[in-house]
Amino acid sequence: MSDVTAETGEHQTHGYIGQKDDLLKRLRRAEGQVRGVHRMVEEDVYCIDILTQVSAATKALERVALALLDDHLRHCVSDAAAEGGAVAAEKLAEASAAIARLVR
Amino acid sequence: MSDVTAETGEHQTHGYIGQKDDLLKRLRRAEGQVRGVHRMVEEDVYCIDILTQVSAATKALERVALALLDDHLRHCVSDAAAEGGAVAAEKLAEASAAIARLVR
Amino acid sequence: MSDVTAETGEHQTHGYIGQKDDLLKRLRRAEGQVRGVHRMVEEDVYCIDILTQVSAATKALERVALALLDDHLRHCVSDAAAEGGAVAAEKLAEASAAIARLVR
Amino acid sequence: MSDVTAETGEHQTHGYIGQKDDLLKRLRRAEGQVRGVHRMVEEDVYCIDILTQVSAATKALERVALALLDDHLRHCVSDAAAEGGAVAAEKLAEASAAIARLVR
């Protein structure tokens, strides 16, 4: 069963699968927060209170991104690094580009 | 009609009302992007592609925040500054705190 | 003495003058941190420890930026807002652009 | 010569050594930018112009951080991943924590 790691019992297809439920829960919350911002604008809530909610939604998405990235490094990138060669170099360049997009 | 500014024709209650439709449109798009991330995680899409979508949603929310803040400065803060005194000082402190939360 | 505000006793030329010493002290510290990063790279210190120092320097500069911006809003922008007209609009647009650069 | 990689000819001790000169050059520039901010505050330059310079210095430091991180992933983390086990897990956790500090 080459698609199951000895260490973690997780399927290899994608690293984040092991924590999928947690990610989906966070994303549902982030969705609710963005919907909350929409409702606040519709109801003419005070700008500063809307900005607080926008910041909360942005931070929630950042945490999702960091969790995805952590898992990506632990699985896809680690596996590629263990094999080495061109695929490893490509995965690492891809991960660095994704990190740069997050940091901006 | 004291609640309509001569210059812009916008109602004063909250600065962002004049551009409410634009903000609501952006927020619907951001909501769609977050829902897209949720679907991508559910369908086990490749991590890096999900991260690209998360970055797009985060940037969309940042643009909403900057638009809200710009309007807040132009209306609430400017009006308070024109009156001066304790209310002006309070509005300015509140705006600075909101900016710090955005910058982090 | 029209260039001294009744409230704070600060000169109006630029808002940050009242807190100049504090800003200069923070900047000297940030300069020292960047020089520290330079020395760490030269001495082949472990990457992660260098990254911690880079983050500290970046955060120090962000705090300088937020202090400058807060003062700019309290003085230049408030004064312009109190006068109104084209100068006020220009100062506000300029402040919003500076905030957007900080947030990115 | 086990401390020289076949592929790049770089010493393994730390990943960034191969690009040390480039990093040191960037850091000298960042240092100059921070010193520039210091001088601008001293000479009472207009806030917005100082903020532009602070943003430039912050971005320069972010680029240094991304370059260090990219190299760290390519060398230290990849080597550890190839070996696997507890050291690999530790290096990955450490890298993720450093990324989170950069993103904030």
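Letters are used for the chains, namely A, B, C and D, taken in the order the chains are written, and counting of residues starts over at 1 for each.
Assume a contact is a pair of C-beta atoms (placed from the backbone, for glycine too) under 8 Å apart; a residue touches a chain by one contact, two chains touch by 3 or more.
These figures come from a predicted structure and were not determined experimentally.
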item	value
Relative to chain A, chain with the most remote C-alpha centre	C
Approximate Å spacing (C-alpha centroids) for the pair chain B, chain D	32
Rounded Å distance between chain A and chain D, as computed from the means of their C-alpha atoms	22
Overlap residues in chain C, where contacts from two or more other chains coincide	62, 65, 69, 95, 102, 104
Touch-based graph of the chains, sorted into line, ring, star, complete or other	ring
Chain A-touching residues of chain D, taken from the complex the two chains share	62, 65-66, 69-70, 73-74, 77-78, 81-82, 84, 88-89, 92, 95-96, 99-100, 102-104
In the complex, chain D residues that touch chain C	13-17, 20, 23-24, 27-28, 30-31, 34-35, 37-38, 41-42, 44-48, 50-52, 54-55, 57-58, 61-62, 64-65, 68-69, 71-72, 76, 94-95, 98, 101-102
